[in-house]
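Once you've had a glance at the structure underneath, I'll fire off some questions.
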Amino acid sequence: MNTWLSIDGLSLTEGGTRIIADVSLTLGAQRTVVLGPNGAGKSTLLRLIHDLLHPSTGVLYWPRPLSQAMVFQRPVMLRTTALTNVIYGLKLKGFKTGEARRRAQESLARVGLEHLALRPARLLSGGEQQRVALARAWALEPELLILDEPTASLDPASSREVERIIGDIAASGARILMTTHNLGQARRIAEDIVFIDRGRIVEQTPVAQFFKLPQTPAAQSFLQEEMP
Amino acid sequence: MHEFNEPLITAWQLVAGADARLAGIVLLSLRVSLAATLIACVIGMPIGALLAVGRFPGRRTLIVLFNGLMGLPPVVVGLLVYLLLSRAGPLGQFGLLFSPEAMIIAQAILVTPIVAALTRQVVADSWSEYREQLRSLGASRGRAAATLLWDGRFSLSTAALAGFGRAIAEVGAVMIVGGNIDGVTRVMTTTIALETSKGDLPLALALGFILITVVLAINAVAYALRGWAERHWG
Amino acid sequence: MISRRLFCSALAACGLLAAAASHAQERFITVSSTTSTEQSGLFGHLLPIFEKASGIKVRVIALGTGQALDMARRGDADVVFVHDKAAEEKFVAEGFGVKRQEVMYNDFIVIGPKTDPAKAAGKDILEGLRRIEAAKAPFVSRGDKSGTHAAELRYWKAAGVDLDKAKGPWYRDTGSGMGPALNTAASMNAYILADRGTWLAFRNRGDLGIVVEGDTKLFNQYGVILVNPAKHPHVKQADGQKFIDWVVSADGQKAIAEYKIGGEQLFFPNARR
């Protein structure tokens, strides 16, 4: 396993509550899914890794700095066209207008939205907006793509489409780190599962093993509750 | 009721008769207040956005300051601008006193805090929604402020309109720095004040009705445009 | 992107429009004067005649005499045209004005309720004021350092009324121009000292009428002064002087005499040439 991130003693305390408590973790798999009950600290962990939050204590050690992009549960669309939303991200990374437009068009085509490129982004359906958000992230060609419950507010058809795109992005070589409530999705996407509860890492296991034989009682009861 | 009938008839006669002097006064009012609002937006909107998005010492103090300055008394602004532009004042050499430009300056000062404070409110709301996404994409705070201004352009039209409403309705500042010179700096509000002075209350009220109608019409057009834009862009 | 460019250019166009509408520089002078000359309509009659004859536009700022002189002291006017002889002479003595020239006069009148509860009616201004004070009848004062206000204070003094002692709820110090003060008097049914010109042009009279008129003491002299270019170099000396020369000329004096409201002459030219 090729370690791309080591986390040592990471904690985050906000308003007296410990949201992340002394997390140490080594990430090396290309596709890792973080599972855990509501309020376990999954989203917070992703935000700490993406540098949207600053830890109270602890360090993130990157053997080699990775370019990152993140997709959120609710896509944030600017009041402009889908295409311009994608171009916006590219321009922030320093691409010139012509090159940014070309890349944005390509990226929209990869998520199957080239026909909606000139539509106002906010008037697209939830699933289409999430695909624009994926196109915006993918266009940046990140080495690490972080996704925080990207299908939580989508219908099953849109979820499948988003899942397919995540698979394509992974196939293009990007590392995937995501959370989800959909255990089937976790099973399909992940190589490694990180299970966290109340801000602590409970276990980190290859996906097949996790679903067959979770190592800890907490994970066992989680699976029992979540699986029908 | 007859106190209101006569002004209404007078107002109608003035408008229907396409009175050239009245048209000049109305156009000057619009020109001065629109220019002042435009300047206030160019200055106030970036300030409002930076107050919403920025992190710097004194930010809270500035927010309180701008909220407070929304209630600036026009007479005080008029007096300050008068003293600045007066020949004996620091900017006297430009000879701007008693000109439409002086009125624009005074109204712009009056309106900028209103635009800034309302902009801060609008941008702060969308900042809480967009913050993580914009930071994830690597936008600096300055860039984020610019993006949110552009993104909030339809909501911000309300801030501009509030400023314009304040500008076109005020009399204290333009009276002092404009001097109410016939044909040069006489606008709707100063005309109303003058006709009230002359005891011609029906004419004053008639002009008041015209002023209200103009302001209502501008608001209606802006409201319709905003509605269309929001349906178009979501 | 295209819409953004469109939006920005529309904004810029608005700005240009607003700025470009600025009229071309015309030849003009600024005259600080009193509300009585403006609100009585005299300037509306007089200035077009002068502008036609000279090609010089006159921009009038109408204020109380005290304010009008202060404005000129700051250098914000080329000519003052006011009515408070003592204040005008002080202005010239201080070096702010070149020379005071008399132009015309009108007269003050005491306006009051037609029922005249203080029995002040008559020809004698001083007796009239004494009766108003004795009856404590409501009286509205300009209280704004205008020429009319200065005259009122002189009349009280001459009548032997010590305002500082006599002042009470009956004496309303409004700190406002002639027109607003008349509006206040009309709504309170009070007495007030006014200039005849503003009264004749005033429309919101309520139940008020003229109570005292015709006393020679009520004579109200107007003077005109060029602001001293030695104090304020930007003063438009030549054009300002042209205006002064014109108002005291035969043509100017005739134009003043011709201004009437309802057949009544408002101002009486008396320039010494």
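Chains here go by letter, A, B and C, matching the order in which they are written, and residues are numbered from 1 within each.
Please note the rule applied: a contact is a pair of C-beta atoms (placed from the backbone, for glycine too) under 8 Å apart; a residue touches a chain by one contact, two chains touch by 3 or more.
Fair warning: this is a prediction, and the values are worked out from it, not measured in the lab.
K.L.:
Of the chain pairs A-B and B-C, which one is connected by the greater count of C-beta contacts?
P.N.:
Of the two interfaces, A-B and B-C, more C-beta pairs touch across B-C.
K.L.:
If I average the Cα coordinates per chain and compare with the overall Cα mean, which chain comes out closest?
P.N.:
The most central chain here turns out to be B.
K.L.:
Farthest chain from chain A, going by mean C-alpha coordinates, please.
P.N.:
Centroid comparison gives C as the farthest chain from chain A.
K.L.:
Per the centroid of Cα atoms for each chain, what is the distance between chain A and chain C, given in Å?
P.N.:
Chain A and chain C have C-alpha centres separated by 77 Å.
K.L.:
Rounded to the nearest whole Å, what is the centre-to-centre distance of chain A and chain B, using the mean of the C-alpha atoms as each centre?
P.N.:
46
K.L.:
Distance between chain B and chain C based on Cα centroids, please, to the nearest Å.
P.N.:
Each chain's C-alpha centroid was found; their separation is 32 Å.
K.L.:
Which parts of chain C, given as residue numbers and ranges, touch two or more other chains?
P.N.:
4, in rising order.
K.L.:
Could you list which residues of chain A touch at least two other chains?
P.N.:
Correct list: 80.
K.L.:
Any chance you could list the residues of chain B touching two or more other chains?
P.N.:
Where chain B meets two or more other chains at a single residue, that happens at 150, 153.
K.L.:
Would you tell me which residues of chain A are touching chain B in their complex?
P.N.:
Listed in rising order, the residues are 47, 50, 52, 68-70, 72, 76-80, 88-89, 92-93, 120-123, 136.
K.L.:
In the complex formed with chain B, which residues of chain C make contact?
P.N.:
Within the complex, chain C touches chain B at residues 4, 7, 11, 14-15, 18-19, 21-22, 30, 35, 39, 44, 59-62, 73-76, 177-180, 182-183, 186, 198, 201-205, 232, 234.
K.L.:
Which of the residues in chain B come into contact with chain A in the complex?
P.N.:
Touch residues, chain B against chain A: 129-130, 132-139, 143, 147, 150-151, 153-154, 232-234.
K.L.:
With touch defined as at the start, can you tell me which chain B residues reach chain C in the complex?
P.N.:
Touch list, chain B to chain C: 27, 31, 34-35, 38, 86-89, 92-93, 95, 97-98, 100-101, 104, 150, 153, 179-182, 184, 194, 196-201.
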